[in-house]
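Below, subunit A partners subunit B and then partners subunit C, in two separate complexes.
On to the complex of A and B.
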């Protein structure tokens, strides 16, 4: 196979633009009152987490002002338990997880004002059939299985849920192809697959629910000819799947089942060489979400000597070691 | 133009035209106006009579003061409104033929105002404040959701309004119909829709389902491979509790899906839905008397004939439209279902011929033929998919053999 023809499709591949990405993320703080700012206002907590994650991988987490962020997070904490996506927003599982992840990273979980209430909130989200809902309005989704199990792990309160039932529900969401959907019967989707695989990993129950060869096959087939990864058959590639697919493969020890070099090159092509930041695909506008998952994918694959991020917890390996977590899916090279 | 004036203008537009059925966010509404004979006005301030009519009517009906409407004079004149900087800007809203266009530039101010108003009204409501206005909260929350339906806190406020009967279900579904024309992938929006539907009386549910299934399909057309629209379809069927009605809908949907998938052969969602329907039908029928393996009993389960037809249908499409991953994945499932789920190889009286089903070897030979047909269009892709299918099936059969 000729090396020149298999390489770029849009010209040369830029290097990893670390400084530009750091500036891009920092600049987001000042871009208030734009359409994007308001359209994402309700999920700011996750936005901060993505920014934090990206800055850590780019060795610039010191650019985040802990003294500003932590008080803001605590303002999003509800006395009845849980965190909202921003000040003035209702508590929700998604933003509870993001808040806990940031607090864990900054070694500030003990600053929570309503830890017990949050534990109660989290465990109350489990339904009789083992599934999890996002809040009191009861939407079921396997994403919530991951978020609840992970959140409770961070608060050392996994004993408050029924793990067997949780695993049972996840099994019901598995399809013939070995991958997982959002509810039983739903189409296999790389994002939900990550959530299910990682949830099982946290519970220490990956096997026998997961058939690693079958699942690895489905995940590997997400790679498109140009190297990027998509989330479902015949969909186009998107940088965020560099995380969902890659981390799943990593957890089942089959990261080498996709062409790492090609994916690396494709991620690099998704960078915005002018403003910094990474977009969902080459040429599109960048955002913090894709910037985080793009560099996280590169870190997982071991390129550019980037600080290590854990595939199950999507947090720095160092942080998790500090918290005393076992990471059995890591193979020391 | 400040948030309050933008908000008031938009509410008036929504009240004036209750049949608005499509929403778009645009750079400039002016580009959607039909071409006019050139006036002496500059291009930026050129608005057709439609827009200025609308603005004139709004102005006359509203409580806006004359100062705020300085730009509006007679019909045919512009509907520009003066802003603080003294620069005239065109209206950010335009309605033509019940389609509403909203300009991006006004959204930050509009959204900020509407969301703040929601929080203020909701707080008043929670504290039983005398300043609370149901209409105020309804209006503010609909504007927020038209712009950002993922604002789950505002969705929750509307849930409370539904619980207190200040909003009824059909009103809410209608708002969501409009929202989905612009935001078909709003996960929160779909979850909210399901919450609303769950409150529909179970006896009325079958009649509601027809409309909902068409909504799901319509959205799936606007935005192909829309995971939410298809999960919604699945959810609707799962919520049919009466097994006779369920059976009826399963077969009906299988028919609808056949036509749809024929026209959308690279849409894995559609084919996955067929897989779901087949599995559901199979589980509904195989619950009766599992121990009876007589041919007559097997024949009473429609699944074998359905699978036979499905294989023929899929192979037809594979030959007609070579190189589609979706179709080959569907083929994998069909082999899986026969051997892994239904375990036909373990049923003594089972005869593939009786049901017109191919053997595994037949399927592998079919794949082999496809991988050799280099005259076919899209041959490289077809060959790859065919070979992967062969390997996958061989792996499956090996695994089954081990058990």
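On to the complex of A and C.
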């Protein structure tokens, strides 16, 4: 075990501290005078999505003030399309997705002021080779393939992109180990692998692009001896991979290829028993990002009767059903 | 007046970005300002601005080695800088990869530099050898090696190279039998060898059989090591005719690598079904 577990007793695993995590997330909104609050200002949109997701799983989404959040989101909407990470920030695909996810959850997509412009913005991000850029400054990354495809799905506008080309580009990012990197030639990484697998799932093009046995094996190899998951060979575990790896395994129906009990115990050990919240590793400081992915991982594995979150869309299954989505990768229980 | 305002804003963005390089809208603003200047300044003055920007970025990268926005901005500038000092770029990458051999931002940027600078594939390959010799656990270097090999050789010519690669992997796994990196590369080499031998009209399992012998030798010294066990298993499955031994090995793996026992169970039922 790593030395950072010297604080907690080895072998003593705390229960899931639901109330403490809810308080932790609520407190984040009020800490407006901290360095962290301002240092993360540019990604507030994603921060709210992570907080919302976590609160939903902890059965406390009512703690979010929809009346405050929705107007704020709409202030981040740009007339030329897309959403910024916060008010005054430039439109970017990452924050456009987060904004749409929150609006979808709150049944408020119709409140968008510039829906057509956003659809144009999103489809304009596809490059001739099928890849997607994050904004007009043209950084290419498979994260953006996922964000664009997902965003357009939410806006019922997938027809505005070339799906075949999108799939072609994703295929070019697949490596010999069955997993995916950021761009063609890049090393396999669990985060990008999730993005590629989920993007293919949304497009209904998982097979034959994915070799589920090879990919499942690569993903299963991410589990470290103590139960946590890492993102690449020989790297250390991090709670956020409890999502990227787990959801990928779930989509290809191979969640059982890792030891779920051990992962569950490891996630629980990443909780901060004093302040609430979940950290990237046991003993580190918690944050909303790792709190969301930690509880999302627990929900995916079916522990503690947590409300179900979908592995492809990272949104509540109930929400997606309400939106009329088909979730063909969902295991029949 | 607008020009002056942009200059002041430019200076201010630098200070802010030094404190928080994740503030992406400021990098965007910087590019807007540079684009404006490129319309009003003469060529040399603009090139000087880009060179200064590169220095600023170098300092920023050293403090924030994994910030997507910084790496992207550096690429954006090199696309506009006429006389990029590619040697310096290669040196910057080498330095950063010495500090963190797995920084994928840097590896991507290195591949970008290679494509723009015309660095030979042979030299690129040499670099991966250096990194692997420094540390056999450098999966990023093994990965790079695999993509270079397929670029450097036509399928038929690859045969001799594969033999050498198998020997290099053998050195690595004898030194550290429990590191996944060389073993994963080994899995790729096996796949390649089957393709190459098939294209030459030879027995595709030639290398598989030879490697099985070598892995079994290693297993006699390290009978409880997961990776040699798993590799011997997949090689035996490739060869066929070893079903009993395969099932025995999978049972062994289920015990010593119990985290993944359901994966081994999957391989077991695949073998039993045959």
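FYI, the second predicted complex is superposed on the first by the 323 of 333 C-alpha atoms of A that agree within 3 Å, B and C clash if a C-alpha of one lies under 4 Å from a C-alpha of the other, contacts with A are read in each partner's own complex, and residues count from 1 in each chain.
Rule of thumb we're sticking to: a residue touches a chain if its C-beta (ideal position, glycine included) is under 8 Å from a C-beta of that chain, and two chains touch if they have at least 3 such contacts.
Treat the numbers as computed from the prediction; the structure is a model and nothing was measured.
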Three-chain arrangement built on subunit A, subunit B and subunit C clash or fit: clash
Touching partner for A:189 - first (subunit B), second (subunit C), both, neither: both
Partner chain in contact with A:323 - subunit B first, subunit C second, else both or neither: neither
Partner chain(s) touched by A:139 [first = subunit B, second = subunit C, both, neither]: both
Which superposed partner A:216 touches (first subunit B, second subunit C, both, neither): second
First (subunit B), second (subunit C), both or neither touched by A:13: neither
First, second, both or neither for A:177, with subunit B first and subunit C second: both
Touching partner for A:111 - first (subunit B), second (subunit C), both, neither: neither
First, second, both or neither for A:37, with subunit B first and subunit C second: first
Touched partner set for A:90, first subunit B, second subunit C, both or neither: both
Intersection of the subunit A residues that touch subunit B with those that touch subunit C: 39, 41-43, 84-85, 88-90, 92, 137, 139, 176-177, 181-183, 185-189, 213, 217, 221, 232-235
Touching residues (chain side subunit C, partner subunit A) in the complex: 20, 22-25, 27-28, 31, 68, 72, 76, 102, 104, 107-108, 111, 137, 139-140, 143-144, 146-147, 179-181, 184, 187-188, 191, 258-263, 266
Touch list for subunit A against partner subunit B, complex: 33-35, 37-39, 41-43, 84-85, 88-90, 92, 134, 137-139, 176-177, 181-183, 185-189, 213-214, 217, 221, 232-235
Contact footprint of subunit A on subunit B as seen in their complex: 104, 107-108, 111-112, 115, 119, 147-148, 150-153, 156, 159, 191, 194-195, 225, 227, 230-231, 234-235, 238, 266-269, 272-273, 275-276, 279-280, 324-326, 329, 332-333, 336-337, 340-341, 388, 392, 395
Footprint of subunit C on subunit A - complex, ascending: 39-43, 84-85, 88-90, 92, 135, 137, 139, 141, 175-177, 181-183, 185-189, 213, 216-217, 220-221, 223, 225, 227, 232-235, 256-259, 262
